[in-house]
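Alright, structures below, take your time with them.
Look at the two complexes coming up: chain A is in both, with chain B in one and chain C in the other.
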Partner chain A sequence: MPAPAQIRPAQAAVVRRRPLRRRTRWVGLAFAALPLAVYALVVLVPLGQSVQYSFFKWDGVSASTWVGFDNYVSFVTDPVLRSTFGHVLVLIGFFALLPIVLGLLSAALLTRAKQPGMAVYRWIFFLPQVMTTVVIALVFKRIYAPDGPLNQALRAVGLDSFAKTWLGDFTWALPALGLIGTWVTFGFCMVLFISGTSAIAPELYEAARMDGAGPVREFFAVTLPGLRGQLAIALTLTITASLRTFDLVWITTHGGPGTSTLTPAVALYKAAFQNPQIGLAAAIGVVMALLCLVIAVVITRVSERD
Partner chain B sequence: MSGVTDPRTWSERHNGVKMSVPKAIAGVAAGLALSLGLAACSPGGGTTGKSDAAPSTVSTDIAGAGTVTLKLTDFWGAAEGEWIKNVITGFQTKYPNVTIQRTTEDWGQLNSTLNLQLQDAGGPDIATANNGWQSLGTLAKGNLVRNLDAYAKAYNWDTEVPTTIARQNKFSTDFKTMGSGSWFSTPMARTSLIGLYYNADKLKTLGIDPPQSLAELEAAAVKAKAAGEVPFEYGSLDSSTTVLLGVQALLADKKKLNDYIYDDPSVKAADVGMTEAITLVKKWADAGWFPKSFEGIDYQTAVANYVGGKGVFRWEYTGSLGLSAAQQGHFGYVQLPQQSGSTTVGVGAAPGAMVISSKSAHPDVAAAFLDYMMSPEAGQAAVDKGLVPAMSPDVKVPATSLSLTGESAAAAKLDSDDGYVPYFDWSSPTMLDTIGQNLQLVFAGKLTADKFTAAVDKDRDAFLAQQG
Partner chain C sequence: MISKMERAVNYVVLTLMALIVLFPIGTFVTSALSPDRSGKPVGIADFQWDNFATAWRDAGFSRAMAVSMIIAVCVVAGQVLLALLGGYAFGVLGVVGDRVLFPIVLLGMMISLEAIIVPLYYQFRTLGLTNTLPGIILIHLGMGVPFGVFWMRAAFRALPRSAFESAEMDGAGPLRMLRSMAAPMARPAIYTLILLSFMWTWNDYFLSLVFLHGENQTATVALGVFQGKYVTQINLMAAGGLIVAAPVLVLYVAFQRKFISGMLAGAIKE
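The block that comes next holds the complex of A and B.
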């Protein structure tokens, strides 16, 4: 029978492709099942529990009481807890904006002319990124101490009036902590931007130069747009890092003096592990997680827009 | 950083798939809904079962209890660790049928995980908790530790333990009040006090005798300052409150202060010397009696400075200076009497509250061990390790240790005067933060003494209101 023989190739292809597609989908899911289950167990379930706890007044042991949105309300109305948002905004300036500006500047300078030993600079500036925050915090606690190197240096050059009890000063403690963050994240941003600029096609720079662009114009017309992806990464990581700031504050000031360096993460820790207010701690955690999510989504959306 | 030339967006590169934001949010929401469904009941309902009533029949016959192994978890290291080892050896020698397996954990670690350990059937039989609402109160309320009333009766704890110490281990069985009701933990033949240390060598050089009253202390401080010394070694960077609480005990009425901390709403912070104490401490700060830039000095540095020879006096918890045997001859300790009257009142408590797990299979043996921890033998074992003994009036203290001689005398005096007041921060879970933060505000001139006292009341009253 000639007819079936004619249509066979097409039919065979159809017959063969459909089960294959279906099988691959199920095989894929089967392979993903274990990771998905683990993810659900260690991420989604605790996340859901945190959301649940945040609606209760609970000491972590005995029976809990449903309080609705009270924990969230007190996060917003309590003047001390509310002030932690303001502190985070200051920290964002020091942890995210300042390092990114400095990182862009140094990347622009370092990539314009190839200098010998540039790798060494990169390595030195990137070093804080690989150090444990605890170590960094302890080192800076020493630097900022009343008779520490910073004050000694100020006194040595006759600036005695500028010497302060940096971490014990209501005005200066938060900026002093912020500068530690700048020091830590600056190197990371710089390395990120240098690798980004090295990937920008050299023709673009040549074209800009032929059109008579100076270094500044070149930076804004070629380098900056070319770094959009890196900027998004840097912003997301540094802003969420400043939202989560805990170890730096805990080791240096415990949120003091007064509550002038209290961050949401420190408030969360105190509520969860020092005072039995698990519900409040969960509410703080949920708000922080949502903020991180929103920030990440907004930055990604903005950076992807053409 | 690889893949910089990759034309895909960041989220594409990292997620592998391009997922729209609404879809992603819907996914997360679905996950949340699922996990909420998995855990539909309210948290904390799991600890049911045993009632609060103490067992009616208890046995003090330990030798006849058969072979028993108890698990003890504590937060003691160094000399304290050696002390508990010796106490365990002493108990096991007395009762060879009993074996005690000891585990030690860092203080913060044990405090934050004890509630979980006690819910585990394989957890400790005996553990060190922390007094106050945060730890002991929560454990008692959650039925994780035993009501010890029957044992208190069997071992006469109510008559043998000073009332002001006994109260520290009691909660009412509706768990609305601390400081009265049933025993839920026991103290031990050791104590931790807040008092005044002095550098004996410096006092000798300055020609000053160790002060015996607040007035003498202030006179000594004036003299020390004039001689170019720092009268009080202190740093407030991490909100150290010992100076405030030490001074308060000299000024406050003992009963009222105890009642305040045990949450009697009719007593206010102004009734327990809080305003006077903070005013005096601020006066000392303004007079330059603390080190220069003390706002920037942390606790560890201040302790190291003092032991290293800076400053004449220091308000401190006993045992916290970490003095070596040689150094103990050069530092003295006094528990100053109250400003008015001759009785001595001091902040002090056992360095841990001993609890028996509700899940323990051998509570009788565990209780006998707790009783042994309060014995004069345990007190002598403490002195032998350089620790402050309590409830052991006949201990032999080595005369070479000036500080331990002073500390032991102070504890004996507080025992006989029944003059203990608990740590102030037991009054509410957030009190330590509150006084620490507001103390820094007072030092910076941003808060008046009256406002400080009001903030203390506000914290405790808020706690009382939510206790119901």
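The block that comes next holds the complex of A and C.
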């Protein structure tokens, strides 16, 4: 979480800039009033209401009844809803671990010299980041289609028995979706880590080599510790993204076949807007928000520990 | 200095990774240009450029693209205004209670849409703001305040202190200082904010899916509907996809540096 790191410089500044600041802090509040009001109206108030809704059973039309923690209980006990956590764990493997490992590998393989043409590669690696998920979903629907490039390639090399309707298969739909996430994220991780390694002092590498460290030891002793901050950012972003997956699943599989690719966000959408169990939807949202917060705080804490 | 060998290895690694990124997009583009319904790739001579016109017409993109554009432009304009006010207040003037207020604003970067979407929908329904453009614009603005304020605050704090002090000596009030000095000096950061904010708004799917339908459908949602109807016409579906992706892609081609540095620097935003 960025908050603690952000507070420190601000406090230091208050001390240093007191003469200008003291007179202006009330004016500052007036300037900040509009953004704060919009933020409170759209984010803070509904956040509180989410918590409130989550303790009620409500179908959106008739009167609501207080049910205490029942909605939270059904989120963790209902087999279908509980399975969404398992799906998220699989997605974390594909959205977070795989891209980060690939990113680290490439950052380690690339020597830290500035090469001409790097800008072009960076442009390509970031391309999936600027494309809307709807289009990415369509791109891969095509790739995974029964007559799509993937199956064609398998048939061409004689692996006909492996060809399948990837997104309609109970076993393969989730990993197939996961690989889309890998494709979207690995370029971002790569660029993040490459920029990170170029900031590591060259002396550290020289020292490691003087000590007779091989490339593997060098990676674990110098590169990996040097990338700590970038790793924390990448982990936080990708893990929360796996937890929040919606667009991709909604457009490709709607959570199916069966419920084999159901994610918490898709379950929330269905509970909120399709067969209204609004209290349950709110409870799912609250749990997701808490998990995101916990993930971010834990990762930041661990990465800052020395 | 690195050896020729090392340099070659670098390029092989980079090129391989780049091909993995480009291949799926490449097949999509060739599908979009194919005269064949199944999207089978064809030679340049047989490219069927009409697919874009057909998809545009059949998916009703004129309306949907206009809606997306109106939303995106309004959100970007509003976002910049809110970010300038908030960033200037927290970064330059100081705010009463900022030790509490600023962390609360930053917390917003961690709050996912899922956590607020349910009450937001039912409250907006009571207010008659669902399925209206002002309604969704307001939500985009509120969700964007934390990043905007964080971003512009950092930009203003990077400006030289002396500029503010001498402007104050000249008797400039806080509003005039913001308008005639701070904002123009922070122009690069504002441009990045404009690009990122446009991209996030244009690419949104979840919010539009929940809040807008029928006449008010955005391009991303219209594309989702279109692909559901045209499952057998891969070439038109792909053409439609490229149409929807085009505005952001054009900006990305033109301002790639700002996009990449902005996304790396703003990576702490969700």
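In this section, the second predicted complex is superposed on the first by the 260 of 306 C-alpha atoms of A that agree within 3 Å, B and C clash if a C-alpha of one lies under 4 Å from a C-alpha of the other, contacts with A are read in each partner's own complex, and residues count from 1 in each chain.
What we mean here is this: a contact is a pair of C-beta atoms (placed from the backbone, for glycine too) under 8 Å apart; a residue touches a chain by one contact, two chains touch by 3 or more.
This is a predicted model, so every value here is computed, not measured.
Engineer: Per the contact definition in the header, classify A:90: touching chain B only (first), chain C only (second), both, or neither.
Structural biologist: So A:90 meets neither chain B nor chain C here.
Engineer: More residues of chain A are touched by which chain, chain B or chain C?
Structural biologist: Of chain B and chain C, the partner in contact with more residues of chain A is C.
Engineer: A:60 in the overlay: touching chain B, chain C, both, or neither? Say first, second, both or neither.
Structural biologist: both
Engineer: For A:179, using the defined touch cut-off, is the partner it touches chain B, chain C, both, or neither? Pick first, second, both or neither.
Structural biologist: neither
Engineer: Classify the contacts of A:240 with the two partner chains as first (chain B alone), second (chain C alone), both, or neither.
Structural biologist: After superposing on A, A:240 lies in contact with chain C but is clear of chain B.
Engineer: Is A:277 contacted by the first partner chain B, the second partner chain C, both or neither?
Structural biologist: In the superposition, A:277 contacts chain B only.
Engineer: Touching A:208 in the superposition: chain B (first), chain C (second), both, neither?
Structural biologist: Touch partners of A:208: none, neither chain B nor chain C.
Engineer: Could you tell me if A:221 is touching chain B, chain C, both of them or neither one (first, second, both, neither)?
Structural biologist: So A:221 meets neither chain B nor chain C here.
Engineer: Touch check for A:259: first (chain B), second (chain C), both, or neither?
Structural biologist: Once the two structures are laid over each other on A, A:259 reaches chain B alone.
Engineer: Is A:42 contacted by the first partner chain B, the second partner chain C, both or neither?
Structural biologist: Once the two structures are laid over each other on A, A:42 reaches chain C alone.
Engineer: Once the two structures are fitted together, what part of chain A is touched by chain B and by chain C alike?
Structural biologist: On chain A, the overlap between the chain B and chain C contacts is residues 44-45, 47, 49, 52-53, 60, 141, 145, 147, 191-192, 195, 233, 273, 278, 293.
Engineer: Mind listing the chain A positions that touch chain B in their complex?
Structural biologist: 40, 44-45, 47-49, 51-53, 56-64, 66, 141, 144-147, 164-170, 191-192, 195-196, 198-199, 229-230, 232-233, 253-259, 270, 273-278, 293, 297, 300-301, 303-304
Engineer: Which bits of chain C are touching chain A when the two form their complex?
Structural biologist: The touching residues are 1-2, 6-7, 9-11, 13-14, 17-18, 20-22, 24-25, 27-28, 31, 38-39, 82-83, 85-86, 88-90, 92-99, 101-112, 114-123, 138-139, 141-143, 145-146, 148-150, 157, 161, 164-165, 168, 174, 178, 199, 202-203, 205-206, 209-210, 220, 223-224, 227, 234, 237-238, 241-242, 244-245, 248-249, 252, 256, 259-260, 263-264, 267-268, 270.
Engineer: Using the touch definition up top, name the residues of chain B that touch chain A in the complex.
Structural biologist: Listed in rising order, the residues are 1, 4-5, 9-11, 21, 24, 28, 31-36, 38-39, 42-45, 47, 112, 115, 133-134, 138-139, 141-144, 236-239, 292-298, 301, 429-430, 432-433, 436-438, 440-441, 444, 446, 466.
Engineer: Spell out the part of chain A that touches chain C in their complex, as residue ranges.
Structural biologist: Residues of chain A touching chain C: 1-3, 6-7, 9-11, 13-14, 17, 20-21, 24-32, 34-36, 38-39, 41-47, 49-50, 52-53, 60, 102, 106, 109-111, 113, 115, 117-119, 121-135, 138-143, 145, 147, 149, 183, 186-188, 190-192, 195, 233, 236-237, 240, 244, 246-247, 250-251, 264-265, 268-269, 272-273, 278, 281-282, 284-286, 288-289, 292-293, 296.
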